[in-house]
Amino acid sequence: MAEPVKLGTTIMSVKYAGGVILGADTRTSAGSYVANRVSYKISKLSDRIYCCRSGSAADTRFLADVTKTNLSMHSSIIEEPPLVRTAARLMRHYTYAYREHLSAGLIVAGVDEIEGPKVFQLPSGGSAIEIPVAIGGSGSTFITAFVDANYRPDMNKAEALQFVIRAISHAMDRDGSSGGIIRTVVIPESEDEEVAEEWHKTVL
Amino acid sequence: MSGIGAGYDLSVTTFSQEGRIFQVEYASKAVETRGTMLSMRLDDSILIATEKPTLSKMAISSSRRRVYRISSHIMMGVSGILADGRAIVEWAREETSRFKDNYDRDIPVFVLAERVGNFMHAYTTHPSVRPFGTTICLCGVTKDVQSARASRAAKKPDNGRPELFQITPSGDVNRMHAMAVGKGRQVARVELEKLLPPHNRDAFTIEMDAQRRQVEAARDTEEEGEEEAAAEKHLDNMTLDIAAKEAVRILYLARDASETEMGEIEICGIGVGMIPTFIPAEKIKNLLEEVKKEEEEESSDDDEETDEAELGESSETE
Amino acid sequence: MTLSGGSIIAIKYKGGVMMTADTLLSFGRMARYRGFSRIRSFGDNTLISFTGDHADFTTLMEEMEKEIEHDVQQDDGVVLNASEIHTLLTRILYHHRSDMKPKWTYLIVAGSDKDGKSFLGYIDLYGTHFECDYTATGYAEDLALPMIRREWNPEITEDQAAALLQKCVKVCVARDCKQSSDIQFAKVSETGTSLSRPVKIDCDWSVASYKEIE
């Protein structure tokens, strides 16, 4: 068991008409052993901003925690909920400054009242890119074309959720490092709707 | 030693027995005795106007500017000791650009105002430093949830909302609708209070305004019929151009009558979708001429009316 | 492995500078993000484009944004022109390479100098820099430069320049594994900068009807 715990993973996040959805598998492996089959790879950064983590479990947990702390401090200073872009910027500055030492592929997604739903992908190396749909982790390579072919920005919540579940199911099916169940977080743009954290069985 | 400080006025680290810190109060005096500066927050913009007493005939007129850009969305007016103010300007610029770099958004104006307040306050707590001899007028455009909601309701793009803050040498931060500091502040404040929108005035001022309007309306109908008697001009319905003229008028009324000539007037505006921009000196000169003419006509018109400046003096509170 | 941008081609023409880049960010050989503009416009009169590491470029651009904001703050009528931005970037890149932490980018800066003349400059990760009439980075340095050398002259018009770039890009699309066919064209002249929407560039496939002799 000398091998470090890695999140060989499938994570993704999509923008739909009215919010964002984040999704992830739940397998954590150390070498060939499934260290945890129901792990959480989606972390909360603020009320309506979450992040998906892939890479080193230790590195990404630390990044999520530190961003969460900074974000909440920033939020109390500006006296309102933070922007998604602020969360992405804080994380990018960390992943860039320590790019040689970190192994982290992150997706920051959420909504804010000023700019609406936003998805940022932070691949390893310290980049940050704003895109409508992001996929990451080892399993993502198997579903790139599936996502390219099937994603539409005008999907409603149910369609988008189904899309995320299908995509991650396919990835888990082909990627040995991904598996377990599918955890999703639905973050609606409207203040009246609650954020929904759920889990689903694979649909294949 | 029998002066007002009575030995307690040599350091900011010692309170007097009445709980006062005289050095900080003296710093405020440095503001009160220097050129007038005023600022008005309009519906979607703000302006700062200041009168700069002539330094010397040899000085180049545009020098010694008192309004500085902090960023494309914030400007800062410096009253009192200019050199003290510039130190704050430089600090505020760095703070603003650091915020933008860290959080990928413009610093909300009230956040910067509080930080400038903290910065100035620090200089009232150490024995080795003296307080800043300046009152800061900080204005800018804030894009936040409030402005987003407002523009969504109005079905307009969100370009932010204007905010105005006054920060005194003690580090006090106050959100203002309008403000005036410096030599002519008392007259200027009376004039500015008249321009406050109805919901922002106290009962006394509203009463006085109603009376004034009645008198004016009666006079207007006597003289030239009832055109525009009801259209009341206030901060929330003025354009930046009209406000600029109003500012020139107020500075003119608040001028030091013992001086033969008024100092140079500097006006800078900032607004929703408009970076801090100076109004050209030539335009201000024209405005001043217009104002002078109008005021002279006004005073020859109603010699019998009571002196309004005197009336305002009594309502002045510090 | 990190995200990287591919080739850039830029040439001067009579009255301005024209530049082209694809809109792809690659992860190794994988075409990772499409529709990403690799040409940035700064102020009214400067274009910067990059080949190489995207994270390093982002960081450099954050620094440059601070410089541009500094000009706004000073409000003294002095605004950095392309040639000054180029010089500033050469110093920054050289500083980082001397620190043994080079910013892994090749930059092309286009715009005008203090006299209002067209400016085109190149910088690499070591801080090597020069001003030129035409240049290319990435694989286009090998594919496009020879063609430009053959056809370019100082009197080339805007239309001729556009046609020349088009021709070069076609070769790059055909022969560079990492070149995407969604191409952005940009130009900077006295009237300011303009960036086109990505356009699809297809190449000539008629050679496909060639049959090998059995």
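When the chains are written out, they are named A, B and C in that same order, and each has its own residue count from 1.
Keep this in mind: a contact is a pair of C-beta atoms (placed from the backbone, for glycine too) under 8 Å apart; a residue touches a chain by one contact, two chains touch by 3 or more.
A quick map from chain label to UniProt name: A = Proteasome subunit beta; B = Proteasome alpha-type subunits domain-containing protein; C = Multi-domain containing protein.
Here the structure is a predicted model, which means the values were calculated and not measured.
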Fewest touching-chain hops separating chain A (Proteasome subunit beta) from chain C: 1
Of B-C and A-B, whichever chain pair has more C-beta contact pairs: A-B
Geometric centre distance via CA averages, chain C-chain A (Proteasome subunit beta), whole Å: 33
Euclidean distance of C-alpha centroids - chain A (Proteasome subunit beta) vs chain B, Å: 48
Residues of chain B that touch chain C when the two form their complex: 68-72, 93, 97, 100-101, 275-276
Touch list for chain B against partner chain A (Proteasome subunit beta), complex: 102-105, 108, 110-111, 143-145, 148-149, 158
Chain A (Proteasome subunit beta) - residues contacting chain C, complex: 92, 96, 99, 121, 123-129, 131, 141
Contacting residues of chain C [partner chain A (Proteasome subunit beta), same complex]: 1-3, 25, 27, 30, 32-33, 36, 53-55, 58-59
Footprint of chain B on chain A (Proteasome subunit beta) - complex, ascending: 74, 77-83, 85-86, 88-90, 93, 113-114
